[in-house]
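To keep things clear, I will list the structure first and then write my remarks on it.
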């Protein structure tokens, strides 16, 4: 069979290696998730089942690709950060982003039932992705801060909007009009004075999104060992295991990074 | 909230627009599918449930992205060809390939049950993807020929190999040794003289893989219409509908392309 | 010396191979050539010395890089087209464009005296470059047509503008005002009715720019050869030599391409 | 004229913006400079006229592009480093590298006479270029160290090689054989014991290459100023001016960078 005759077409592939020594960020965004959320009756302004499923899918991606040092998600998006020295898939952008998109999407369907129970998934959802490189720790932290600031802004808006609709009896058009031109302080004030809601007391998950990092946890396991006298006995052994932990805290300020100094590498 | 302070990080995204007037091919490959196939007890050398699920997932991708003019799949891979004039996602390579990878993967899990019935999916599978551009019709056809030639070569090998093992009683090591250095003719001969199998009569699905294209089909539907006398009656109406059709035929030679002259555009 | 310790920095280079089977166009543009033209007293609207020097420099580039199949220049720009199958510099965009920019620029200074005689070159001029790929013959021809249409539009404007100034006694501001909003027909009419100039009779070099292509020319040279009787004699020998020919003709229509069918390859 | 009909070809240009916040290095290499050096009778192992001309041309590039913070040259190569925050040419790689290649090449011909006097330049020389990005100060310094280590290795080799030929009477083949497998220490020893040459005392220009940086220098100029009584008088005025300074010192160790703390930006 004339295999070789056609094989020249391989040379049309182009190299898309990511610049060395930069953080590689893959961000996924849900496709048409407004419609998807409606069709699947997501509660407003936040659906904890949906957020839980996003986080579960992100854990699946992190478990699969250990070079991801931190992931951050909110609403229908999730960002995955590969360590700057990663050589996974030879740093090929296409491999990295398609693998993340694929693993996340198959996990989303796979774990759907764990979060939505008997409510059926109506059709397979889609996520699109992109790759962005950040050369310095400052740039990377600013990227994550940008996403968390976005989470805050959207959540404050959505919280007031849906409170006006659900508790205030406004139509969605009226709620939109009411919020036009308001600042954060105005929105806090509406919540507080009209609905007796202190935004600060709202769920951290909704206000801050979800941050996933690897952490070493000590585990005590029992191991059967031989004593000097030849007898065997059960001995408790402590060992360290890397697991993915989730946080719903501020990652814009210094505290989080001071408490987890191992996430970012010294870039020199 | 200091949103604007962080927003500069958007400028680190780089443009990955595909060159205009070229066919855009997105190819997906199953990740660790050898292991996946074993764990899910795929029959050897071909598992028709698995091939059916691949094709079902590819249909889901085509239904979602109408600029795909042809798709070709075999084993655990599928290639999707976007028309050369497509402006979908502004021709951004990252969007195109992650969307295909995501939609295919979520569909694979979503439709699993339709093909594997009660046999459970053990974990969410992964597919990685890549984008390749082809400037001419010849180049594109050579790409598809390359994949179909690959299908043939692998299927012939696998057919003989598993026949030697399953019917000939050889171990896998012995079968491998037996086939070392053999040509296509030798393999055909082994099948024919030792096992009375004519390879030409084997399943076209296995020998040729699956080609998906859009086709217009006439449909007759019944429509209730008003007659001049004011009465209503049921009238049969013929309308043309674009649907995805699958073929398991040769796409290397001229015949398929002559029978479907609308697939490839005239590139000038 | 710790050479190896630093050599890792080589891996930061990224691949910029041009897509196969596409025409590679490198276009150069003079940097700050308005100012350069003034400082070197270029005649208006066209300076034949400057145009001659541009063409001489382009010939130097073509002589150096034989994969260039056609070059087109006008004003302070020149485009060089590499054949679609070229493997020069492994099709690396950076190598191709810097080499063209470098060779053109050093030639411009080197041959300055041949065109400007005693008028000194005041400082080393600069040209910047870019690479653009074209997948089909139509696209490539449209690129060249675009440049020649640009030449025509600019030359017609400049011819009328400078005639109004030089013969009509207008200031440059007045001439600009006079031409605001005029169409090609209006400009032709001004030339004809006010200055008795038929634009069609203007120099083809100015109206059409310069097209350079390789042509085979037969040459007769005298060679000293040995006769059967052992004596030597001078024999005229005809041999074919590839040389760069320049044209100042229309390259938008079909005629030029029909007369030179070898320039463009059949792309299939 | 149907300009618009062709203008679509502009969209085939692709974006090649350099990643933000990285140092942009453009390196030029002489093309076929072995042959060029021979044809122009460069002295061996180093020709100070040629090195002077390289440096003069590099100064011309730096004068033209003020975002270049440091340049390093040796033999027939020169590297130019743009500051990490540069927005010159919108960071388009093609513009940056072609401009450097063009300006350097035209300068090389323009200033030839200042260094080679009556010895004519036989033809216009060529330089090719490339762009490499470095995300951190360490990476950039390692790049420059790599080039200076290369200078050292080559110069030591060439110094011994040509001493063996010129003073030792060996043929070039014999000299090559003699040096096969020798280490730096061996080469130093040959120079010292056989030719009484201490390599450490060789010219810093040859051993270390040329580093160009911007420096502020105070200049005293005389300015005519008006006195309170209305009379005018000449007054000495001190002003600071940025000029390009050249160094032939080690740039691998810390000292140079400590003495010039302003070259590298803090990347965070």
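For the reader, a short list of remarks on this structure follows.
Letters are used for the chains, namely A, B, C and D, taken in the order the chains are written, and counting of residues starts over at 1 for each.
Note that contacts are C-beta pairs under 8 Å (C-beta built on N, C-alpha and C of every residue); 3 or more make two chains touch, one makes a residue touch a chain.
It should be emphasised that the depicted structure is a prediction, and the values quoted were computed from it without experimental measurement.
Common neighbours of subunit A and subunit B, listed by label, are C, D. In terms of the distance between Cα centroids, subunit D is separated most widely from B. Taking B-D and C-D together, the chain pair joined by more C-beta contacts is C-D.
In whole angstrom, the spacing between the mean C-alpha positions of subunit B and subunit C is 47. Separation between the centroids of subunit B and subunit D, computed from CA atoms only, is 54 Å. Taking each chain's centre as the average of its CA atoms, subunit C and subunit D sit 31 Å apart.
Shown for subunit D are the residues in touch with two or more other chains, namely 12, 14, 19-21, 133, 139. Those residues of subunit C lying in contact with subunit A across their complex are 11-12, 14-15, 17, 19-21.
On the side of subunit C, the complex with subunit D involves touching residues 1-3, 5-10, 12-14, 16, 28, 31, 60, 64, 89, 93-95, 97-99, 101-111, 121, 123-134, 139, 142-143, 145-146, 149-150, 152-153, 184. Residue ranges on subunit C touching subunit B, taken from their complex, read 19-22, 133, 135-139, 267-268.
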